[in-house]
Amino acid sequence: MTKTRVEAFSDGVIAIIITIMVLEMKVPHEASWEALEKLWPVFVSYIFSFLMLGIYWGNHHHLVHSIKEVNGGVMWANLHLLFWLSLIPFATGWMGENHFEAKTVAVYAILLNLCGVAYYILLKVIQNCNRNNEVFHHVLEKQSKKGMLSLLLYTLAIPAAFLHPAIAGGLFIIVGILWLIPDRNIENAAKDL
Amino acid sequence: MTKTRVEAFSDGVIAIIITIMVLEMKVPHEASWEALEKLWPVFVSYIFSFLMLGIYWGNHHHLVHSIKEVNGGVMWANLHLLFWLSLIPFATGWMGENHFEAKTVAVYAILLNLCGVAYYILLKVIQNCNRNNEVFHHVLEKQSKKGMLSLLLYTLAIPAAFLHPAIAGGLFIIVGILWLIPDRNIENAAKDL
Amino acid sequence: MTKTRVEAFSDGVIAIIITIMVLEMKVPHEASWEALEKLWPVFVSYIFSFLMLGIYWGNHHHLVHSIKEVNGGVMWANLHLLFWLSLIPFATGWMGENHFEAKTVAVYAILLNLCGVAYYILLKVIQNCNRNNEVFHHVLEKQSKKGMLSLLLYTLAIPAAFLHPAIAGGLFIIVGILWLIPDRNIENAAKDL
Amino acid sequence: MTKTRVEAFSDGVIAIIITIMVLEMKVPHEASWEALEKLWPVFVSYIFSFLMLGIYWGNHHHLVHSIKEVNGGVMWANLHLLFWLSLIPFATGWMGENHFEAKTVAVYAILLNLCGVAYYILLKVIQNCNRNNEVFHHVLEKQSKKGMLSLLLYTLAIPAAFLHPAIAGGLFIIVGILWLIPDRNIENAAKDL
């Protein structure tokens, strides 16, 4: 099946993105607590981006699991999503290294926005070739609702970063919690497969 | 099946190449827009190479999907292709860091040429062990035609880079568009599998 | 199956963690035996972390192999484990570069502890959705016992590192040996699958 | 099957090793032919190591393809092989950066020797749990013969490196050619599966 290979490639890319991000956390040359302490913004950024990528992986997993057909359009929309996701280590590193300076947090929020839009495009493209698939429509409904809310929060986070980076951080955390709350409906629908 | 493992290995290598390329985009130490702006040639190179590798992944996917038998020759021809593809992050980084200096663009064009030739060799080797496979022949026909045109454009891009790097860039973009235009025939043929 | 994709993603992440760790072993610029000799603490740390990650991969493999159902909770518990594992290259590099300085060994022991706890949580979450699975219960029993002992040894290694890093090292080696001793029972149970 | 996951993990690790090796080829800061020329020893080392890893992947593929059962011993012997293979980027980088200085070539030869021994151990461990498997025995016979010859050549390359690095290089190339010559017998045997 074509679907399997799209899954395998996406898993590969997301697994690599999530793991090379740790390379931005440069090993300090001294063995002091201070050297470790200085890394906390990088570490906090890493935790959050790891979580975000984990959520993307989980959603992508549920999404592709629910569909049967994959065409050229889906492949390109998927690659487009992977492109924006691949920039997360860069934006994470920039934000962490500059201790959540307003501009870097805003750029991070913009990137998460672009990832969200790319995911939404993927949803729409998949919808076009899975018209009569009920399981997919359950997934679509749930993910669209949460996705829209996430996009709204990411957009608010852009100006919020300039008021105070912590406000943007708070909005990011709300998005994280939003997705961590289990969606019994999706899982139940998936079980009916 | 042997085929599955060739697919898995190729997917793995291409996924890693596409992702480690982002490591060439070094995180700037200052949190200024200027620091970000300076990265634009690296970013533009990244976008294009990501697209090129995505196209290779898509074509490789269609190609291997269409065949049934894989022998030692196919494995070596595939590895040969992966070798040239693995140099793309290097050439991309060199071109980006030197702001599309003529020599670096020419080297990039030469590398894309070598990747194209390696893909063509892979096509020919596969043809030798898939004589009576009609689906493969549809894929072959389409990919050969577009492949030849791409090679011509890459070759023109080598001297063009010395006239003006932007001309080479334009030729690269034409190749990109060429492959992004969907090939209904290939997909239809693949559906008949 | 969902299970397959959790396996594939975990394998991918562990494979990348285990391999990028070698990037912390910076290539010396001179071709002298002294330059190579200076790397021995980095090399020793690398060997041990490679072994530890290999053990995690093996245990994870046995564990996921023994179960049938995977739900959202398992996915998150798995991601949580991968998060702590992903920090191993960092802690390994810090410890190696600082020649097993007490603080760095203690941090390494703390990280192994956190990995162990994350694995234990994964075991418990899986237990909740695999109540009537005998094969899993064999795996669980064995892995819990060894896991608990490992956690104890890692915890002892934290203060031990401040007495003398070599004591902590000795405790780490005991954990390694503990897991390398084959568990006929687990394999026999798995064969009955 | 357990076998599938050992394959997937090995493919992942080898794919990552082969690809991160390109990161040792540092992008030069100037856009001059001289800057590129200086990289030739790194490039030549890269080509050879890529080929060696490709051969290992191919052999590993044939080997695992031919067997049916995998136990704990095979998993550890496999991990042991991956450990030595994971050091290839390091030894390659050291040799390339120091322009084939005798010591670095000798260390490279020693590493290839250790990889060869690890592969031989894997063969022997697999033999123990695949007693009545004829296809495996064909693979074993062929790979043992070539493997022994390779080990001999690698061992000769160690002192040869101190006479002149080019002699060691010549021995390495002979090993490469040895494995590139197709083994019709293995493929025929595999077809009978």
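Letters A, B, C and D name the chains as they come in the text, with residue numbers starting at 1 for each one.
Rule of thumb we're sticking to: contacts are C-beta pairs under 8 Å (C-beta built on N, C-alpha and C of every residue); 3 or more make two chains touch, one makes a residue touch a chain.
Keep in mind that this is a model prediction, so the values were computed, not measured.
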Partner chains that chain A and chain C have in common: none
Angle of rotation relating chain A to chain B [CA atoms, steps of 5 degrees]: 90
Chain copies touching (chain C, chain D) - same or different residues, decided at half shared: different
Greatest separation from chain C - chain, by CA centre: B
Length of the line joining the C-alpha centres of chain C and chain D, rounded to whole Å: 26
Separation of mean Cα positions, chain D and chain A [Å, integer]: 37
Residues within chain B bordering two or more other chains: 8, 12, 16, 20, 23
Category of the chain touch graph - line, ring, star, complete, other: ring
Pairs of chains satisfying the touch condition: A-B, A-C, B-D, C-D
Interface residues, chain A side, partner chain B - complex: 2, 5, 8-9, 12-13, 16-17, 20, 23-24, 71-73, 75-76, 79, 82-83, 86-87, 89-90, 93-94, 97-98, 101, 103-104, 107
Interfacial residue positions of chain D with respect to chain B in the complex: 7-8, 11-12, 14-16, 18-20, 22-23, 25, 27-33, 36, 47, 50, 54, 57-58, 61, 65, 180, 182-183, 187, 190
